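First comes the structure, then the notes that go with it.
Labels A, B, C and D are assigned to the chains in the order they are written; within every chain, residues are numbered from 1.
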Amino acid sequence: MNTPLKRTIPKQQFLFIPFIMAGFPDEEITIELALSLQELGASAIELGVPYSDPLADGPVIQQAASKSLKSGMTIQRAMELVGKMRKKGVEIPVILFTYYNPVLQLEEKSFFALMHQNDIDGLLIPDLPHEESQHMRKRCKQEKIMYISLVAPTSDTRIEQIATGAEGFLYCVSSLGVTGVRNELHKDIISFLATVKRHSPIPIAVGFGISSDTQVKELMPLCDGVIVGSALLKKIGELEDLLLNPKTKDQAVYEFKQFVLSIVTPISS
Amino acid sequence: GRFGQFGGKFVPETLMNSLEEIEQALEDANNDEGFRTEYIRLLKQYSGRPTALTYADHLSSVLGGAKIYFKREDLNHTGAHKINNAIGQALLAKRMGKRKIIAETGAGQHGVAAATVAAKFGMECIVFMGEEDVRRQELNVFRMKLLGATVIPVTSGNATLKDATNEAIRYWVQHCEDHFYMIGSVVGPHPYPEMVRNFQRIIGDEAREQFLTREGQMPTTVIACVGGGSNAAGMFYPFLADDVELIGVEAAGKGIDTALHAATITKGTIGVIHGSLTYLLQDENGQIIEPYSISAGLDYPGVGPEHAYFASVSRVQYESVTDDEALYALQFVTKTEGIIPAIESAHALAKAIEKAKHMSTHESILVCLSGRGDKDVHTLMERLGGITS
Amino acid sequence: GRFGQFGGKFVPETLMNSLEEIEQALEDANNDEGFRTEYIRLLKQYSGRPTALTYADHLSSVLGGAKIYFKREDLNHTGAHKINNAIGQALLAKRMGKRKIIAETGAGQHGVAAATVAAKFGMECIVFMGEEDVRRQELNVFRMKLLGATVIPVTSGNATLKDATNEAIRYWVQHCEDHFYMIGSVVGPHPYPEMVRNFQRIIGDEAREQFLTREGQMPTTVIACVGGGSNAAGMFYPFLADDVELIGVEAAGKGIDTALHAATITKGTIGVIHGSLTYLLQDENGQIIEPYSISAGLDYPGVGPEHAYFASVSRVQYESVTDDEALYALQFVTKTEGIIPAIESAHALAKAIEKAKHMSTHESILVCLSGRGDKDVHTLMERLGGITS
Amino acid sequence: MNTPLKRTIPKQQFLFIPFIMAGFPDEEITIELALSLQELGASAIELGVPYSDPLADGPVIQQAASKSLKSGMTIQRAMELVGKMRKKGVEIPVILFTYYNPVLQLEEKSFFALMHQNDIDGLLIPDLPHEESQHMRKRCKQEKIMYISLVAPTSDTRIEQIATGAEGFLYCVSSLGVTGVRNELHKDIISFLATVKRHSPIPIAVGFGISSDTQVKELMPLCDGVIVGSALLKKIGELEDLLLNPKTKDQAVYEFKQFVLSIVTPISS
């Protein structure tokens, strides 16, 4: 099948890339949250595919994944959820965030067919490092899917190698570690980001641990965007019951948006 | 970093540097005669190697078939083969200047081994253990604490070994700068499977030489149990080029036609687990399935990638043995040889007993008795309760 | 049959013939090179001897005094030195055509060793164990049953080791024609103390040679714990003619100035117990007093008559260590050396730690680490409960 | 001190030698039981000294010993109890049955002094076999105390050696084993007793396990006497409460005597 003209990551604005989990707390709300994030100026959305063994994720995302899995979410349904989002008006780029094993279990042809059918723009596989992703990167290029690469402070001499040929944006792990809300930026973050910036032909976005406007403000001069995941899922988790109750849903979505705004204020202002 | 298509380094970018550091250190160590000397010295003077090769004369004569020999890894310090690898990795960590050890553990055997070498080397040790396992294995938890280790109960996932491993990796990701992750089996990203196999091949190296000296020929068959597969990898490796039948025995739990088993190669499919491409138990959507076995040491949803390779090229035959068969073998060997094997090892013994009967007295089976059953006495009491009455 | 004035055969006339038979069989065995060859072969190929000599580098450096070495009897099959003797006596029983073994046991270590060799040799085994000990040591009771032994709970007296021994002797009296009584320590009527010491001297023979090879000289001091005293007898014997300080450590329980101890030589008087003239704990009317120690293996009111002799001629110095001192040493050694010693052995270690501090780094202490502490983990959990929180 | 003319074991009659435990159920009753046994024709009395570790005794005697010990009995008090018996009229020989350790704890001089002071005629130490008893036998001879020796079916070639120089009577262990009530005589008992008889210059008495008149009848042609212990102590144990109650004591003593009579009938008839 032919692929439509792909969406791209905007290069002129400071990027705000939120992460949400497919099916958490349910499919309908996931769509609604995506719409809200688009409305709040998200540059793209990372949609997490829940996985049984998410070894790069902290407890907040693990728990969200676990709940989503229990309700029957699969990689295929997560991808189809993007198709549904599109129908409901989500127009910004959507990046599928999934561990490698679920991808591996789909025939490669089916996987890319599903990517296209559901209008998914990018792919991020946290446990497929540069050395192991050669084939997938090549295939994504052929299929015009952005393959998002990650660099970490420990990547060191590998940064240049990874940055070369990276697509969409370069995901910078802001501190050593798995995803999760943290209060302190890694002390070497400034030199790390400078190094990445020097080597990267594309925008660099910082993720893993961003939870406040202060952090965003600190980061803005150092990079081209931020990824916010755990902080959002934590909030969604807190609002879960309200979101699932039709009577309180709107109020909960409003609260969620207020929370997101509180973090991204430095960007919009 | 591959065994055929299997293996690899499927880990977050954050860890790639650590893996490269380990590879580098290993290469240096391999070029340093002093490293191996120290490793062998500790195995001998601390862990009591070489472990004995025991001719199971009474068992063999009762069965009336092949002569059965046990490689007695149960006689190692801490009671299983795990210490071979823990000593090797601790030496490597020391060489790398890392004084903090991370380890995962299921039933606690590797955790105890890691805590043990950490104590001996004056290192810190933090052990991740599923909350469920912490409860079930309180004696081993106490042992680790007595050894000075910090035991972190893991509540994520199903709170078992798989989740403890995930959590250990997560912790490693966050603390890789000054921590060394001591993996307990031939699993994980490269170079772990190869490294652990090399630290365990002492089992096969010794057994092969002992057997040759004693019998003047090779055994007909070598059998070892396979969870992650470190004792089997260590036992088989030196025999690969020999005309010897190699059999790996997986845990069939309640039966491989039920959902309750841990027969990864027998019933699993290819995928990625804990950083490595290998066979694993998963559903059609690529979600890992919790395995089952009465044996905590075999209760793992993946298997070492080198075993996946051995299976793919048919060099090693992988079979499976149920809980009941293993329990029967455990009792049979205990009563005839005065050796209470670990339930893990009893899987290999069950296969040996089954095969020996159909072999001639001129043939022989060498079994890796990977650990002692003292740790399993509580489980046995629950399952065999009748014996005490 | 005497060590100075100590020892002898203070048993009912009914048993005298059995004792003579054993003496005769021992003499025959000693003249038969094949007997010793088979004994050594089993120790090596079945029990895993020689056991390691471990230099406790970390412990020694923390203490900053004498170099401490451990003779690792904990690495034996079944986890203690007891198996050396059980193998020897089983071979003798076999030679005498007796297929039924009687044994007494306190905590169960000798019972397990006896049941083990009985299984290996295809013999029946009946173990007498105080009812109180049966309750406290249910894991060992289960182990013995798993090994095929019959465990008889003894309700007479205080239902502990002393009474189990009385009952084993009574049973032996009635069944001496086809039963062999396998005593677990250097106690009982002649020729047991001498026989058991000879089956245990492999400890000292090995350790002496290993130490000489490793250090090029003799240790300054050799230390072993003393209950009945078999590990100490085996350890000390080969050093008797050397210029080496020998220290036997008895259990001081709650303190030798309290009524709760098992310091037989330190506080006992001469009398007859279980067929032998030796030191024992008794009241002024010659009634035997129940001893106390946290360590079930040292909790015995008598002591091997040869130790009484060594004490009387001052060749061995007998000291004592309290429960608390032993527990502290156990934890200290575990944390610094990664070895959880038996509480029995921890008594010897406590004395070694105390002495090492006041010795120079050119001096050395060789400690018999007679058994592993896995069996004691329950006791430790109760006593050190805090560690788990 | 000078010793009086010693009592001896009669050689013309078939011997009935009962065993009772000093202080079981109390001292006064022990004396009363001794008197009853004398009245019933006992040739001598074995008086047991209770011991903490009676390894030659079965459960019945162990239990009696244990009770007696708890009430404070000691070897010295047991010996003094013989003195009291004498005052109450016990005139037949009394043999002190004691394990070796309590004897050892008394100075040898004190021990023999107590033997004489309390007019005790013999000594039997079940855990002091021939090889270990040389000194004690010599001292007893000097002190004119009968040292009673034991032979067992397993004594075999030792029988002759033991019998030579034995005094009083030769105690034949009728079956392998510790004391206790048994239903069956050892199969080789006949040849065993014949051998003993052949070597013994003194009467031979059979003990360990005699509890019925049938046994006594069977044994009478084979030996010169029987020792009855456990059967008596078992009966005393059954009657314990009645014996200790002044109101029922006489009846209990009567019952005890009836029981003894039932066993020794073959002798008296």
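By definition in this document, a contact is a pair of C-beta atoms (placed from the backbone, for glycine too) under 8 Å apart; a residue touches a chain by one contact, two chains touch by 3 or more.
Which chain is which protein? Per UniProt: A, D = Tryptophan synthase alpha chain.
Keep in mind the model is a prediction, meaning the values are calculated, not measured.
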item: Centroid spacing, where centroids are CA-atom means, of subunit B and subunit D in whole angstrom; value: 66
item: CA centroid of subunit C to CA centroid of subunit D, Å; value: 38
item: Interchain centroid distance [CA atoms averaged], subunit A/subunit C, Å; value: 66
item: Residue list for subunit B, restricted to those that touch at least two other chains; value: none
item: Category of the chain touch graph - line, ring, star, complete, other; value: line
item: Chains that touch, pairwise; value: A-B, B-C, C-D
item: Interface residues, subunit B side, partner subunit C - complex; value: 44-48, 51-55, 58, 72, 74-77, 79, 115-122, 138-139, 141-143, 145-148, 331, 334-340, 374, 377-378, 380-381, 384, 387-388
item: Sites on subunit D touched by subunit C in the complex; value: 51-59, 62, 66, 69, 74-76, 99-106, 126-132, 149-152, 154-156, 158, 162, 173, 176-178
item: Residue ranges of subunit C in contact with subunit D within the complex; value: 8-18, 156-157, 162-163, 166, 169-170, 173-177, 269-275, 282, 284-288
